[in-house]
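Beneath this line is the structure, given in C-alpha cells, with notes to follow.
Here the chain labels run A, B, C and D in written order, and each chain numbers its own residues starting at 1.
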Amino acid sequence: MKRVGVFICHCGTNIAQAVDCEKVAQNAQAFPGVAFSTDYKYMCAEPGQDLIKKAISEHRLDRVVVASCSPRMHEPTFRKCLERAGLNPYLLEMANIREHCAWVHPDDKERATLKATELVRMAVAKVIQNEPLDRSTIPITKRALVIGGGIAGIQAALDIANAGHLVDIVEKEPSIGGRMAQIDKTFPTLDCSACILTPKMVEVANHPNVRLITYSEVEKVEGYVGNFEVTIRQKARSVDLSACTGCGLCTEKCPTKVPSEFEMEMMNRKAIYTPFPQAIPNKPVIDRENCRYFKTGKCGVCQKLCPAQAVDFTQEDQLVTERYGAIVVATGFDLFDDSVYGEYGYGRYKDVITGLHFERLVNASGPTMGKIKRPSDGQEPKNVVFIKCVGSRDEAKGKAYCSKTCCMYTAKHATLVREKIKDSNVYVFYMDVRTPGKGYEEFYTRTTDQYGAKYLRGRVSKIYEKGGKLIVRGEDTLLGRQIEIEADMVVLATAMVAKENAAELAQMIGFSYDQDNFYTEAHPKLAPVETHTAGVFLAGACQGPKDIPDSVAQASAAAVKVCGLLSKERMETEPTISIVNEAICAGCGMCVTVCPYKAIELKFIQERVDGKVINRRVASVNSGLCQGCGACTVACRSAALNLKHFTNEQILAEVDALCL
Amino acid sequence: MNEITNKMRKIAGEILQKGEASVVIGWEKGTFWYLSPPAFIDKVEDVDRLVWDDFCHNNLSKYLVDFKYKEEKVAIFVKGCDSRAFNRLLQDKQIEREKVILIGIPCPGLKDQDQAKTLGKEGDIPKAEKCLECKYPNPLVYDYYLGEKEELDEVAATKEAPNYSDVEAIEAMSPDERYEFWTKQYDRCIRCYACRNVCPACNCRECVFDQTCVGWIGKANNSSENQFFALTRAMHVAGRCIECGECERACPMDIPIMLLNKKIIKDINELFGEYDAGIDVDSKLPLGHFDKSDPEEFM
Amino acid sequence: MKYAYFPGCSLSSTGLEYDMSTRKVAQALGIDLWEIPEWNCCGASSAHLTDQLLALALPARNLAIAEAEGLDVAIPCAACYARSKATEVEVRASKEMEQTISEVIERPYTGKARARALLDIFVKDYGLDAIGTMVNKPLKGLKVVSYYGCLLVRPPKLGFDDPEDPQSMDSLIEALGGTPLNWAFKTECCGAAHATAQGEIGLSMIERILSGAKEVGADCIATACPLCMNNLDMRQNQATAKTGEQYNLPIFYFTELMGLALGLKPEELGVNKHFVNTSEVLNKLNEALTRRDTP
Amino acid sequence: MSVKDMQENWEPKILVFACNWCTYAGADLAGLSRLQYPPNIRILRVPCSGRVNPQFVLRAFQRGIDGVLVAGCHPGDCHYVTGNYFTRRRYLLMQRLLQYVGIDPERFQARWISGSEGPKFQQVVTEITEEIKAMGPNRKMRDV
C-alpha cells in the first residue's frame, strides 16, 4: 500500500479566502492511500517545505500531493523539496487549487471547496501510480554546425569559435558572404557593406576553430541535441581547392558566358567562375550546367591552361557525415517574385527592377561600376520612382507581414540616387514609413529634408511604357488625387520571403515553421533564438525579415546558446518520455509516422518462437530525442507505448477519481 | 465455379510439389453445404479438399499473421477483399510481400449463408449483404490469376458510387433515437470478440481488450462496457477497415457492426478526402498523417 | 455542353451584336445555350448602390432558375457577370446568406449553379485547342489588343484570371490565328457612365485607352463589355474631335472576332452595326486569307 | 435532501483535458486575471492534446461525466510541432462517431485555447457548462 501525504496550501489568503483549506485536508484523509493530510499558510515557503520534509520522514510517506498554485509555477520547487527529503522528485503530483479554483470561484466557497477536494482526489489517484524516474545524462559532441554562411552564420560561427569551440559552416553557394555581399551600402550610416563584411569573412575563414564547407548542402539530419549526425553533400566543384592558387587564368580564358546570379543577371560571368572578387574561398567553381566541356565534351581550356593543374572534371559529389552537439540555422531569405503584380510590369519592362538590382547598379564593382544607369539603354535615369511594400503587407497577392527592412533600404536608395545624380527627382510611394531602430528615423528625415526625396503616400495602380518612359500612375492619398509620374526607372521594394526550400530543411531537422515558411522560434519573446527542438537555434532572416544589425544580434544570441550547451560535458534529459512494451508491440510503425521528433525507430529483437530464434520487429524510443508529447501512445492501438509520468493507468485513474 | 476449383487444386498441387510454399491457404467444404471455412493445405494429396463456391467468405489474408515468423513461403487465394486486406497488412508491416504467393480469384459476389440455411440447396439464395456494394471484386494484387483476363473485366464492381443510405438513415434520427438503436444492438453483444478475431484490420499482437491489468475495459457484460468496446474497436479500425464485412458475418448476435465502420469511412472521405483502405500500399493512413488544411471546427 | 444563358438587358439594346454573335458562335461550336426564361435585370449598378441584399437577390433569382435546371450560367456582359458571381460567392460562403436569399427570392439557391463568364467558358471549358480546330478563317495578321475592362476579372475573388494582367482573351485571339499585342490598358476603366455625366473626364479616359492601343500598333480592340464597347466605339469620334487624333480603331466583341474566324458572315454577327467602320479590318483579313491561298 | 431537491440542485461535472503548454496555461491566465466561471469543470493536465486517447473520453462517459472538453494549442502552435493536427483529425472523427451513437453533441467538444487566451478559456467553459446544465445529467453510456 502506498503512503500518500497531502499538503493543502492557503497561499496566504489567496486560496484560503475562497476555499476551506482545512476541510479539504480533512476530506483528503479519507482518500484511498492517504496516510497523512494537512494544510498550511505558505507551502512553498521554507517552513512549509520543512513541514513536508518532516511529514515524509515521520509518516513514512512515499508519495506527495501538494495542492496549491499552478504546477507551472512551483512544481520545480516541490520536486526539489522531495529530493531533499530523500524521495524521488517524480513522486510528486500537484493539484492546482489557486489559478484553477480559488481565483476563478471567489464567491462560492462551498462549491470551490468541493472542487478543490476533487482536484486533490484526482492528484492522489494519479500519484499512487507514479513511479520514481531518473534523469539520465548523455554526452555532448563538442562541435557546432552553422547552416548558412551569410552575415548571421558568419557571426554565429565567429562567436562560437572565439569561445573556444569547434564549428563548421555549411554554405550552399561557392562562397560565403550571403546577401550582405551583394549589398552596396548599409543604413543608417551608409558605410560600405563589403568593407565591413569582408574582414569578417576573412576572420572566419582563417579561424583555427572554424571549418568552411562551401558549395555544400545538408542532406540528412539524424540524432538529437548533443549528438546530431549530419550528412553533408559536398557538390563537385571541379576544382581541387588544395591545388588551386586562385590566379584566375581559367576564368579569364573560359569561352562561355552566363548571366551572373550575384550581379542579378545584369552582367555576365564565366562558366568557371568565382561569384564575386572578394569571394571566400577565392577559388573558382565550374558551373557544369553551362560549361562547354560538360555539355559537349569539347573545350577543356581551363584544364589545359591551369598552371596548378587544379581543374578536375572527374570530381563527384561527396557525402560526408559529421557529428555535432548543436546546430545554428542561418539560411537567410529569398526575394518575393514581383511578377505577380501584373500592374507593375516587372519582368516585362526592363527598367522596373528590385531593390537588390539597384544595390548592384549602385555598387562600384557592379555592372555599371557604380554609375546608376538604367538597364534598358544604359542612360542615367533622372526621374526614379520607388514603390514600397511590394509583396509585403498584401494578403491578396503577397504576404501579410511587414518585410521590415524595405522602408530603410528605400530611404537609402533614395539618398544614393540624389547623391549620385544631382539633377534627379526621386519619388517614393509608401503606405507607412516604419523606422524603428537606432538612427533610423533620423536617416529617413535626412532623406526627405536634406536629399529632397518626395514621399507620396499611396499605392501605384499601373505602370506602362510610353515614348521610352515609364508612366507611373498612382494615388496621393494625402492630397486625394491621382498622379502620373514619367519615370526613367522604377525600383520595387521587394519583400523578403523564406527560402524556397525552407520547409524542407525544417522537416529534415525537425522543427516548426509558420504559414510563410519562416522558422518558428520557441517563444516569440522569451526564447527568440531557440526552436522547439533542443539543440537547434535560429539566426537571421530565416526566422523572419531582418536587417543586418538584428541578424547579427540574433546570431550572437544563438552562439551563446550553443556555447552554453557545448561547455558542458554531459547533459541531463527529462525522464518523462515514451517507453515501449516490446512484449505487446506488433511493430506496425504507426508510432514512427506520428512522432514529430523522429524519436522512434523500428528495430529487430531476437526471440524464441516454437523453438526457433526469430527476429521480431518492434518500436524503439530514443530517449535523447523523445520530448514526451505522447502522440505515439494514442497512435498505438494496443497501447504498447506508454508515456512515463502520464501513463494510461495514471490518466484512467484520474478520470475514475474525478467521476466518483 | 467448378472450373476455378479445378484450377485451384492444380495450382496448389504445383506449388506444394515444387516446394514454392509450405502451405496453401484456401477454402474447403465445412460441416454444412453452405459453409466453406478456411483450409490450410500442406500436403499435395490434400489439395482436393480445396473448393471455390458461393460461400468462401473468410478473408484469408488475416491468417497470414499467424505465419509471420515462419521461414517458408505461404501461398494464399485472394478475392478482391482478401487482396485489400493483404495490402493493409503489408502497410501495417505484419507480412512481407516476398514471403507470400498470391493467387487471385475474380469474385462474382458470395451468397448469404443464413438465407441458404433456410431456403435450402434448391432455393434462390440471395447475395450476401456485404457483397451487394463491393467496389473491388477483383484482386488488386496477385502473382497468379485464376480465370481469364476478360473475366476480370467482366466482373464489374457492383458499386460505383458509395451508398451510405443506411448510415444516413441513422444520422437522420434524433440523438435519443440513435442511442436507443445502438443500445439495443450492443445489449446483445456477448463480447465473444469474433468480430475482432476475423478482422484483418485487427492485427495487434495483444489486443487492448485482453489487457486486464491496465483496465481499459471491464469484464462485465453490460451495455456500457459493450459500447466502450464497440466504439474503441471502431476507432482502432478507422482508416484500416477494408469493408470485407467479415465482422458482421461472424457476429453470432447479428449486430450491424459495418454500420459503425461505414460511418467512419464516410466521415473520413468527407473530412480528409477520398480514401479506400488497402488499395495503395504507399498511401498514408488517414489517422497516421494530417493536412494543415484539414477542416477546422474547434476554433 | 449546355449552359443556361443570361443575356442581360444591354444585349437586347445597345449590345445587340454581342447577343447575336454569342448565339451564332455558340451554335457553331455546338454549345447549347438555354436562355433563362423570364430572366430579370442583374441590378447593376443601381442595386448595389441602393441595398446590399437587393443587389445579391436580383441575380440570385436568375441563378436559382438555372440551378433548378441543373445548369451553370453563361454570362457575356461583364457587369452582369460580376453581379451574378458576387451572389454566388456570398451564398457559397455562408449558409445564413443562402437562407436569407432563398427566402427573398422565394425559391432555393444553394450556389450550386455557378455564374460563368462567357469568355472563361470558351477558354477553359471548350478549350483553346478545340476552338483552334474549328477556325477556318484565321485572323491572320490582325493585331488585336484585348480589353477586359475593369469588371471582368476584378475584384480578385470574383474573377477567373489575373486581375492586373489577364491573359485569357489574348490566348483566345491567338487561338483564332490573330496576333495579341501586349499593352498596359487591359483593365483600365473606360469611364463608364462618366461619358454621359462628366463628359470631360469620361472622354479623357476613353482617349487614354484608344491612344494606348494606337501606341502599340493595334488594328482593333477586342472587348467583353457592352458599356466599354459603347464608350470606345460610339464616342471614338468625340475623342477625335477633342484630341484631333484619328484613331480609326474598330472595336469588336471578342465573340464577333470568334465568329469571323469560324467563317460566319459579318452581318450575322452584327459587325455592320458598329459606329467605327470595320470594313478596313475585314478587308485586311480577307486579303491575308487570299494571299495565303495563292501560292 | 429529497430526490426532487437532488434534481434541482444538480450540477454538471465536466472534464477538461488541457494540454500543458497552451490550454493549461490559458486556464492559469484566466485565474491570474480573476476571470470567473462556473466551478463545474475539472482540468486534467496532459502534455499535449495529442496524448488524449479517445478511450479516456469513453471511460469518462462510462463513469458518469456530463461533458468532456479536449483542448490544446491552436494548429501551428503545438509545443510538440504537430501533435494537435493529429488531435484534430482524431476528434473530428470521434465527435461524429459519438453523435452517431447518440451522445448529444454538446457533451463532447474540442477547442483550441492558447496560453494567452484566458478570456477564451473562461468563455468556452462557461458556455459548455451552461449548455450541459440545460440538458441535465448524462445517462448515456454510464456503467451504473
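Note that in this section a contact is a pair of C-beta atoms (placed from the backbone, for glycine too) under 8 Å apart; a residue touches a chain by one contact, two chains touch by 3 or more.
Quick caveat: nothing in here was measured; it's all calculated off a predicted structure.
**Student:** Could you let me know which interface, A-D or A-C, is made of more C-beta pairs in contact?
**Tutor:** A-D
**Student:** Compute the distance, rounded to whole Å, between the mean C-alpha positions of chain A and chain B.
**Tutor:** Going by mean C-alpha positions, chain A sits 47 Å from chain B.
**Student:** Return the distance between the CA-based centres of chain A and chain D, expressed in whole Å.
**Tutor:** 33
**Student:** Centroid from C-alpha atoms only, then distance chain C to chain D, rounded to Å. What do you get?
**Tutor:** Chain centres of chain C and chain D, defined by C-alpha means, are spaced 55 Å apart.
**Student:** Among all residues of chain D, which ones touch two or more of the remaining chains?
**Tutor:** Each of 54, 59, 76, 82, 86, 90 in chain D touches at least two other chains.
**Student:** Pull out every residue in chain A that's touching 2 or more other chains.
**Tutor:** 594, 635, 648, 652
**Student:** Can you pull out the residues of chain B that are in contact with at least two other chains?
**Tutor:** 208, 216, 287, in rising order.
**Student:** Tell me, which pairs of chains are in touch?
**Tutor:** A-B, A-C, A-D, B-D
**Student:** Can you name the residues of chain A that touch chain D in the complex?
**Tutor:** Touch list, chain A to chain D: 70-72, 96, 98-101, 103-108, 111-112, 114-115, 118-119, 122, 510-512, 514-515, 532, 576, 594, 596-597, 627-631, 633-635, 643, 646, 648, 651-652, 654-656, 658-660.
**Student:** Which residues of chain D touch chain B once you look at their complex with the stated criterion?
**Tutor:** 54-55, 58-59, 62, 75-76, 82, 85-86, 88-105, 109-112, 140-143
**Student:** Sort out for me which residues of chain A touch chain B in the complex.
**Tutor:** Residues of chain A touching chain B: 583-590, 593-594, 602, 609, 612, 614, 616-617, 635, 637-640, 648-649, 652.
**Student:** Quick check on the complex: what are the chain B residues that touch chain D?
**Tutor:** 170-171, 175-183, 208, 216, 218, 220, 222-225, 227-228, 230-232, 234-235, 238, 260, 263-264, 267-268, 271-272, 286-287, 290-292, 294-299
**Student:** Which residues, counting only chain A, touch chain C once they are in their complex?
**Tutor:** Chain A residues touching chain C: 341-343, 345, 348, 396-397, 462-466.
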